[in-house]
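Paired with subunit B in one complex and with subunit C in the other, subunit A is shared by the two complexes that follow.
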Partner chain A sequence: MIRLARLFWLHVVREVLSWSGSWWFIFALAGGQVLPPLIGLAIWKAVFPDSDHISEYYIALIFTVATTASYENHTFSERIYKGTLSEDLVRPQPPILAPLGENTAIRLWIAMFAFPIVLLLAVGTGAEFTAANLLIAFPIWLLTGILRFVFTLCLAMTAFWTERVHAITAFGTTLMYLLGGNAVPVDLLPEGWSALARWSPFYSMVGLPADAAAGISVDVVLNGVVAQVVWLALLCWLGVVLWRRGLMRYTAVGG
Partner chain B sequence: MAHRVNFAFDIAQSLVGILAVLATTLAIYYQTDMLAGWSKPQALVLVGIYSIVAGVRSAFIDPSMTRMVSTIRDGSLDDALLQPAPSWFTVSCREHAPFALGQAILGAGILIAGVSGLPSPPGLANVLATIVLTGCAVAISWAFSLAVACLGFWFARFELGPLTASLWDVGRYPAEVYRQPVRTIVTYLVPLAGMITVPASALARTFAWYALVSGLALTACFVFLAMLLFRQGVKRYTGATS
Partner chain C sequence: MSAPCIEATELSMVYRVRVRETGLGAAVRSLWRPEYKSVQALDSINLRIEAGESVGLIGPNGAGKTTLMKILAGILKPTGGRVRVLGQDPFDRRPEHLRRIALVRGSQPLTSAPELTVMDSLRYQQLVFDLTEPEFRRNMDELVDLLGIGDLLNRQVRVLSLGERMRAGLAMALLYRPALLFLDEPTIGLDVSAAVQTRSFLRQYVARTGATLLLTSHYMTDVAELCPRVVLINRGRAVYDGDLAELTRRVRHDKLIEVWLAPDATMPAGINAASVNGHYELSVARSEVAAVVSRLLADTAVLDLSVKDAPLDVVIDEIYRRSEVETR
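Let's turn to the complex of A and B:
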């Protein structure tokens, strides 16, 4: 376990240094993550101009989406397409360490760009977060990060079967945007859609930690955590199945 | 079979984005009757125009601009520069993704649905002004994309694709939604919202001649600046094939 933790840490350090030369691209990635919830904040403040909850929700949402962003459809799936996954397969360590390390490094870099924006918004809007809500939101945010990584990795593994991994991931991203609480806070959706969204994996990946940080009822938090754990278990199982079946199909040329 | 699957993916991908925009707009109007002074039919007109411009951009502009950045970087832009046609045309309009026009077709449907819900139908002047201003929006999209791509002549490693893809989303909603000074910036300086809001206003709200004239003038400015940037960039360019 300690060996795995050290290997993971080495992957993170390596990828942080590797991505340090692409700060301009990280800036573009951070902008791409931060802009949609910023636009959502403008829209919903226009609808509910006196609501502090909207400001707090979207500020927490900007932090969540920036720090849980996943790009395995670009990083991991390209290794499948180019055949460089073979290098990970022959190493004496679990192949998931490399994409996990890269994912963590990218998130750290994006967080560095996004955090000043979050701080500025919080000061500018006068948003107030209680310590209790932030403490409740913290473990939910951690689970969100893991869930989003596993979900995107499952989508990226379709690269074993198809060339259209980016289109497949785009569908998943659109569903996350619509039902996750980014486009519309989940409790503002029409009733049937709101219930569907709350139990979907997308709310667990996006809106739940933002709702917890902004302050919601204990019932909603508990139901949300149960949904997170269930979806995480399901997606981990799916990930293992996709990995095993995908490896049976995987071939690479060269060495 | 693979090509039929790719075809289905291309069509579905072009439609899903616009359906998401439509779903978001309908969800907003589930909570309110007016958004920044825009009623639901007016907002549908705006979404329709946004979808038409987005479809044309995705079909005729984005594929070439994406390739332009990579050819500047690897020095293979010579092929386009040596063609017996204006370089700005061969560089920025040589690749197409016609399936993306599905967005424009869906957008036209949304536009018609919005217009049918207006309290009074738009007049001929409104329709003509909207057509001209929508053309201006496509031209501004082209100029903005070309200007961003031209940054590659000075900063070869610059890749702003993920940012610009999200920037277009600013135009999904009326410019009045944004607070000052953001509203002024996205309406006049970087008219991502203005280029959609103005034609939508001409069709669904009030039409003013000064809006048409200023839209044409702003379009001319943007196109001129983009062409200037392109010419200056080409002077700096050195190819890898000679």
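Let's turn to the complex of A and C:
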């Protein structure tokens, strides 16, 4: 376990260094994560000017989406397309360590750009978060990070079968935006849609930790956590199936 | 008898690929009625390689060499047959097994993060392969010496030339002293000096460590210099397994005689020779070599003369074209 932790940390450091040469690109990625909830904040604040909850929700949401961003459709899929996955397969370590390390490194970089924005917004809007709510939101945010990684990795693994992995991931990202609580806070959706969204994996990957940080009822938080755990278990199972079947299809490059 | 390093029995690999006829109609039809075709990449390959052997896999593009190497390295799972590598099923990819093998691909010799230095990458390898500090130091010093990479250690991977990447990639792959080395086109894209250095290093490494080496290459010089034994694969089948010189003898029954004549001398009548860059070349049946050489020396003013096998590339090209070499 200590060896795995050290290897994971080594991957993170390696990828942080590796991405250090692409900070303009990271800046663009951070912008892509921060802008949609920022626009949401502007719109819904105009609709509900007196609501503190909206400000707190969207500020927490910006933090959440920026620190749980996942790009395995670019990173991991490319390893399948280019055949560099072969190198991971012949190393005595779990092959998931490489994408996990790269994911964490990218998140750290994006967070560096997003933190000042979150702080400025919190100060500018006068948003207040209670310590109790932040404490509740913390483990949910961790689960969100894992869930979003596993979800994107599952989509990325379709690269074993198709060269159109970006189209598949774009569809997943759109659903995440619409049903996750980014375009509209889930409790502002029509009743049926709201219930559907709350039990969808997308809310577990986007809006739930923001709602928990902004303050919602214990029942909603507990239901959300149950949904998170169920979706995480299902996606992990799906990931294992995709990995095993994908490897049977993997031909990499060469004659 | 000791267990072989690699043992493959009736090894087969079939890829299922989607096909369709040309045209818009066929494209639309294929959406709900996809058609597939089976491609036999490997067909009942039998292979036994003992520890310490150096074996070259040769064959034309698409013959199945790389597929075979990937199966043996544990990257692909065969669809038929049985394979054991160092006593294990390679596709299980057990950590203790992976610590004993290395795969070097000439097309991507070094896949480290480009911003890292070579030393960073070697340290990473140390942790991945559980090398103690003394082991790391000893092996690294040896590789630095053999590969001449001392001045590369503190340079970032992204600024290395292809030849330097290959040397650094070999250091990464051999740092943990693998017992079995898979080399896929190790000199592809390298200039002559870098290719010579790479081959020289590999020869020394194998001699020093007793490692088993399995090589694929389209450069026959690589194969001739590194591998006493070759396995010729064509259309997924092993059509020859044995000595490279014997393969040449089976295919070409002639020898090449090169002759340099004195300035005013001419070729004796009845000897057909092609003039090439100031000298003559004759293709002569092996049984007639002695007679033709005697006649040349007796009937004209010869400055220099050499008798050799046909160039290896020409021989292999002929084999690929014929595709009918008998199985040993």
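Definition applied: the second predicted complex is superposed on the first by the 252 of 255 C-alpha atoms of A that agree within 3 Å, B and C clash if a C-alpha of one lies under 4 Å from a C-alpha of the other, contacts with A are read in each partner's own complex, and residues count from 1 in each chain.
Basically, a residue touches a chain if its C-beta (ideal position, glycine included) is under 8 Å from a C-beta of that chain, and two chains touch if they have at least 3 such contacts.
Note that the structure is predicted; figures quoted are calculated from it, not measured.
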Applying the document's definition of touch, where does A:S20 land relative to subunit B and subunit C: first, second, both, or neither? second
Looking at the overlay, does A:V229 come into contact with subunit B only (first), subunit C only (second), both, or neither? neither
By the touch definition at the top of the document, which applies to A:L142: first (subunit B), second (subunit C), both, or neither? neither
Touch check for A:M248: first (subunit B), second (subunit C), both, or neither? second
If we overlay the two complexes on their shared chain A, which of subunit B and subunit C does A:L120 touch? Say first, second, both or neither. neither
Regarding the shared-chain residue A:R91, is it in contact with subunit B (first), subunit C (second), both, or neither? second
Quick check on the superposed pair: does A:L35 touch subunit B, subunit C, both, or neither? Answer first, second, both or neither. first
List the residues on subunit C that touch subunit A in their complex, please. 15, 61-67, 70, 73-77, 93, 95-96, 98-99, 101-103, 105, 107-108, 111, 113-116, 120, 124, 127-130, 158, 184
Touching residues on subunit B, where the partner in the complex is subunit A: 5-6, 9-10, 12-13, 16-17, 20, 23-24, 27-28, 30-32, 35-36, 155, 157-167, 169-170, 172-173, 177-179, 182
Hey, which residues of subunit A end up touching subunit C in the complex? 3, 6-7, 10, 14-15, 17-21, 82-84, 86-87, 89-93, 247-248, 250-255
Could you list, by residue number, the parts of subunit A that touch subunit B in their complex? 22, 24-25, 27-29, 31-32, 35-36, 39, 42-43, 46-47, 162-164, 167, 170-171, 174, 177-178, 183-184, 188-190, 193
